[in-house]
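Here come two complexes built around subunit A, the first alongside subunit B, the second alongside subunit C.
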Partner chain A sequence: MLGDIITPDLFASALRMATPLALAAIGGTICERSGVVNIALEGIMLTGAFAGAAVTLATGNPWVGVLAAVLAGVAIAAVHAFASINLRADQVVSGTGINIFALGLTGFLMERLYGHPGTTDPVKMIRPLISLPKTPEGLFGEVLRWLEVIFLSHTPIVYAAVLIAVVAQWALYRTRWGLRLRSLGEHPKAADTVGISVYRGRWAAVLMSGALAGLAGANLVIEQVGSFTENMTNGRGFIALAANIFGRWTPAGSYLASLLFGFADALQIKLQMLRGQIDIPPQFFLMLPYVLTVIVLAGVIGRAVAPAAVGQPYEKG
Partner chain B sequence: MNTKWSRFLAVALALTLLVAFVPGCAKKTTDEGTTGGKTEEPKTTVKAAMVTDVGGLGDKSFNDLSYEGLKRAEKELGVEIKVLESKEITDYESNIDQLANAGYSPIFAVGFLMTDTVSKMSTQYPDTMFGGVDEFFDPVPSNVVGLTFKEHEGSYLAGVVAGLATKEKALSDKINDKNVIGFVGGMDVPLIKKFEAGFIAGAKSVNPDVQVISLYAGNFTDQAKGKELGYSLIEKGADVIYAAAGAVGLGTIEACKEKGALFIGVDADQYLTVPNSGDVMLTSMMKRVDVAVFETVKAAVDGTFPGGTIKEFGLKEGGVGLAPFHDFENKVPQSIKDAVEKAKKGIIDGTIKVPDKL
Partner chain C sequence: MSESHEALPEQRAWMTLLQKAGAPVVSVLIAIGIGSLIMWISGYDAGAAFAALFKGSLGSPKAFGDTLLRATPLMFTGLAVAYGFRAGLFNIGAEGQLFMGGLAAAYLGVRLGGLSPAVALPAVLVAAMAAGAAWAFVPALLKARIGAHEVITTMMFTYIGKYIVSWLVVGPLKAPGQIPQTEMIGASAQLPRIQSLFSDAALQSLPILKLGRGHMGIFVALLFAVVVWLILKYTTLGYENRAVGFNPWAAENAGISVPSTIVKSLCISGALAGLAGAVEVMGVHHRIFDQFSPGFGFTGIAVALVAKNHPLGVIPAALLFGAMSAGSGTMQLEADVPQKIVLIIQALVIFLIAAESVVQWFIQKRQKEALARAR
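This part shows the complex of A and B:
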């Protein structure tokens, strides 16, 4: 019975499902560390996914599609940056607006470009980096097979997400740039008085979060699914926000929290295999990842302290 | 209703009548003027419309199929048609409201999620006819007809194919000897259970030892989830997978293509609607929503709209059935085709009773 649940694909699946969450969550972390709340991650991810699909369909080159997804993410994030930094709009309102806008925009553009809403034609996908070799028989071969499936079966952006988490963690806590960025989220006035440009720093952070959420969209479309469907992000941007908080506003924490959410989702799929053997309705399993989110946010991990100035527009004066 | 509103309504109705009437007259005179009368005169004043579910047009599934039925009615019956799409569940009511106000009747609401909205709107617009695709009412309002399908009957046939195919090595190199097949469901609701129950019964009827693994996605839109479900089934040895899960199934097809398993589509002939799926698409269980919608519009035109009833379209009525095997046509052995025919006959003449729940 346990063999049905604990399989190499369980862990590989967790990594796959964690990747879009983690990319968006790290984007959220960088953004909020600079003092700007970004609940537009969902909308940015969706826009990135659409741009990735559209450009891959047009050019036939998935890598150009990935680039387009990132750029589209940056473009949408620029709207959020302008509204919340320059116009000092309420950041939650601006983010919500973008989420609704992205849903409408992608649906509208689909209708315009392809003549129908719903799902696009399949796009050329980016395949896993390595095609797994056959493993030898016996215990050694079995162990090898597990390691291969868990660590070597993935597509490039899955590995890129791990790398991005490490680099972002280092950059935020071990570089001058990171210190300055964090100072914007804690006490922008102090940062301003020592000559750090609050506007420029926050703009950079918001655009970076756009690029990462766009990349998350590219991962969904070009590496995982192979076509764009309206609203295909299915709330991942919001789970990413939770992962950012659970990860205590650190890139590495965000990644690990996403991994936990991804694992919960992967686990619920495998647990469904037990239906018939134990009498538990599948709805119970389906809610696991969300229950986990609630429990985590309710503070099981202890109080998470947000950047002091997050959500507050800065007025130079 | 206050007087301001009723006055507005009266004016609006009068205008609608005028607008509807004037071009009708104009056309007649021009038609008489021209020699051949190439433009065909509409035979009816019935205006039929539909409201899609959140999947929307382009779902390559029952929203598109309902639209096919409407388009056929437009062509063959001269009915004026209109489609409004729902982006969110909260759009259902305003969409129906808009159409009813514009004088459309019958209005088709596509998808069981709209059941409650239809019940509510049918009392608000007692003179409008409603068709609820995939919707079951108890009791049925007198101006509503529920269009349901015996999905379990079609799924039984899909199960017969899958149960035999998983033992048919010659069919494809994707077939293994584990005797396991898979089912992917969208939401765990009675409607989807009908598919699952019929599929399992069909498979066990020809292959009693077969293991059927069923997994649910919890929604009808998350393709990435559908792919993960497919991976999990294939890892457990499933070599034929049947999905009744809307767009989620598209992700499962992707998993089948990548990891090597055969797929049985649903609702439409997915060989035709999903590009590049030919090498895994064994067949599809078709729900002829188009037939149901067309027949209902036709009834409305003829003045025999079956309001207050639930119409069930099964194998006998041509409401469900299997799509052709397409690329597998020559590889599928005659024994499987015979078994399908036998099951079909048995269901139609009543000797085979297909369960509609687990």
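This part shows the complex of A and C:
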């Protein structure tokens, strides 16, 4: 029974499920470090997913789809940046507007382009990078097989997410750019005084978060599911925000926190597949990531400190 | 605004009015404009779409009844979101509290259906309020105690609540038959249709009373709008709510407990959202099922913002979005425009009101033009 659940596939699936969360969470980290709250991650991810599906269907090339998803994410993020930075809007409310807009627009375009609501035709997917080599018999071979499945069975964006986490961590904490970006989120007035452009820095951060959340959408559609369904992000943008908080506003922390949520998702799917053996309604498994998110937030806050100026519009003095 | 002292007195009066009530109205107009543009770019006939939207929402007494039907839960979710906003809290999860309120109403409605309506109706409504408040309680506590952001937690509770309902309607509370839904609630727990108040003769002579599916819940909603207004304006509870929303530090200094106000505010907000679920169950569906709300909780955000978080402003705002919701079906049928355009317009309204300065800029430009003409 436990052997049916604890398989190498479970951990590989956790890594896959963590990927869209991690990409969006790292985007959220960069954005919030610059002082802008990005509640709109959910909507950006959904828009990216739709753009990825639509362009892949139109061109037959999933890589063009990935590019389109990233660009769509940047475009929506630009709206958020303009509202939050230039118009000094209430960032949480305008972000909510963007989320609902994304839900409406993707649904609207879905019916316009394909004539029906719901799910698109299957798109051409990006396959795993390598096909797994055969492992020898015996214990050593078994260990080797586990490692292969867990670490080598993935699609490119899954690996890209790990790389992005490492690079973002380094860039935020080991480069002058990162120091400047963080200063915008802690004390924008001081940053402005020493000649750092608050607007430009925040714009760059919000656009980056858009690109990452768009990429998250591409991963979902083009590498994981293989089609677009309305509202398919299903709260992942909000869970990503929680992962960012649990990861204490650091890219590496965001990635690790996403792994936890990804594991919950993987476990949930695995348990659903074993429904015949476990007499628990599937809805309880589906709830798991959301319940875990609340538990994690309940346990972590107070010990994690948000950037001091996050959510506050900056007015050039 | 700097121009206003140069204006003539009568101009100044209408300008202040425009500035106070204007931003939401202008936001709605701009949103409809952008919505039309999106339709036009997509190759739809926006004129035909709005004509159909009007026909389906205000074109006949029956259509107006549908508008009332849709406006009823929106008044409650609008009040819910507005009440939270007044304390500086963003209850984005009204949808989840609505589901729990609906669940309580569906459960008790079956069990209390045999009692007299005078007992059953209030009992079911109170139970729905309690369920909605309970669903907001954990996010409220987490916010008050450790500052966990209510936007994330209430959102998570929305997903959890929807899964609980979706489990119950296929599992323990499923009515006999193929369809995943609960049993029908008893007649005495149902909110009657407005037209059932009138005799057949009256309906024959005054066809305007034939409000179709519009039900008595609208009067409950109007009552609650007034009650919430009175609470905010005249009670200590409401005063504390507003004080914390206005400036939590000052409120704390004045001896108001911010954590306890946060808990009360979110729970009252949840109770109001719970009522939205209750009126849907008691007045429309008479049972609960998986998809019984088309996102009334989220539309409540737009309603509250257009109302500028004023409980009485919620009434016209809910009627506006209720009309859009009621007419969207006719629009899809007759003008072949996807209903989703209504969601897009709602989202634009939320966005534009959040980014109020763009609307203010628009209004000020208009004022300058008016002034230039007046000179």
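The definition used in the following text is that the second predicted complex is superposed on the first by the 294 of 317 C-alpha atoms of A that agree within 3 Å, B and C clash if a C-alpha of one lies under 4 Å from a C-alpha of the other, contacts with A are read in each partner's own complex, and residues count from 1 in each chain.
The definition used in the following text is that a contact is a pair of C-beta atoms (placed from the backbone, for glycine too) under 8 Å apart; a residue touches a chain by one contact, two chains touch by 3 or more.
For clarity, every value in this text was computed on a predicted model and none was experimentally measured.
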Note to self: Looking at A:294 after the superposition, I want to know if it touches subunit B, subunit C, both of them or none. Which is it: first, second, both, neither?
What the structure shows: second
Partner chain in contact with A:116 - subunit B first, subunit C second, else both or neither: first
Inquiry  = Going by the contact rule set out at the top, does A:88 touch subunit B (first), subunit C (second), both, or neither?
reply    = second
Using the touch definition from the top, say if A:231 reaches subunit B (first), subunit C (second), both or neither.
first
- Message: By the touch definition at the top of the document, which applies to A:6: first (subunit B), second (subunit C), both, or neither?
- Response: neither
| request: Check the residue A:167 against both partner chains and state whether it touches subunit B (first), subunit C (second), both, or neither. | output: neither
| Between subunit B (first) and subunit C (second), which does A:283 come into contact with in this model arrangement: first, second, both, or neither? | both
Tell me the contact category for A:266 with respect to subunit B and subunit C: first, second, both or neither. first
Discussion item. One more residue to check, A:17. First (subunit B), second (subunit C), both or neither?
Written reply: first
Subunit A contact set shared between subunit B and subunit C covers 103-104, 107, 117, 234, 281, 283, 286
Within the complex, subunit C is touched by subunit A residues 39, 79, 83, 87-94, 96-105, 107-109, 111-112, 117, 234-235, 238-239, 241-242, 245, 281, 283-284, 286-287, 290-291, 293-294, 297-298, 301-302
Given the complex, residues on subunit B that touch subunit A span 54-60, 63-64, 85, 87, 188, 213-216, 218-219, 221-225, 227-229, 231-232, 235-236, 247, 250-251, 254, 275-276
The answer for subunit A against subunit B in the complex is residues 4, 7, 9, 13, 16-17, 20, 103-104, 107, 110, 114, 116-119, 121-122, 220, 224-227, 229-232, 234, 265-266, 269-270, 272-273, 275, 281-283, 286
Note: in the complex, subunit C contacts subunit A through residues 38, 42-43, 90, 92, 138-139, 142, 146-149, 151-153, 155-157, 159-160, 163-164, 166-167, 170-171, 298, 301-302, 305, 338, 340-344, 346-358
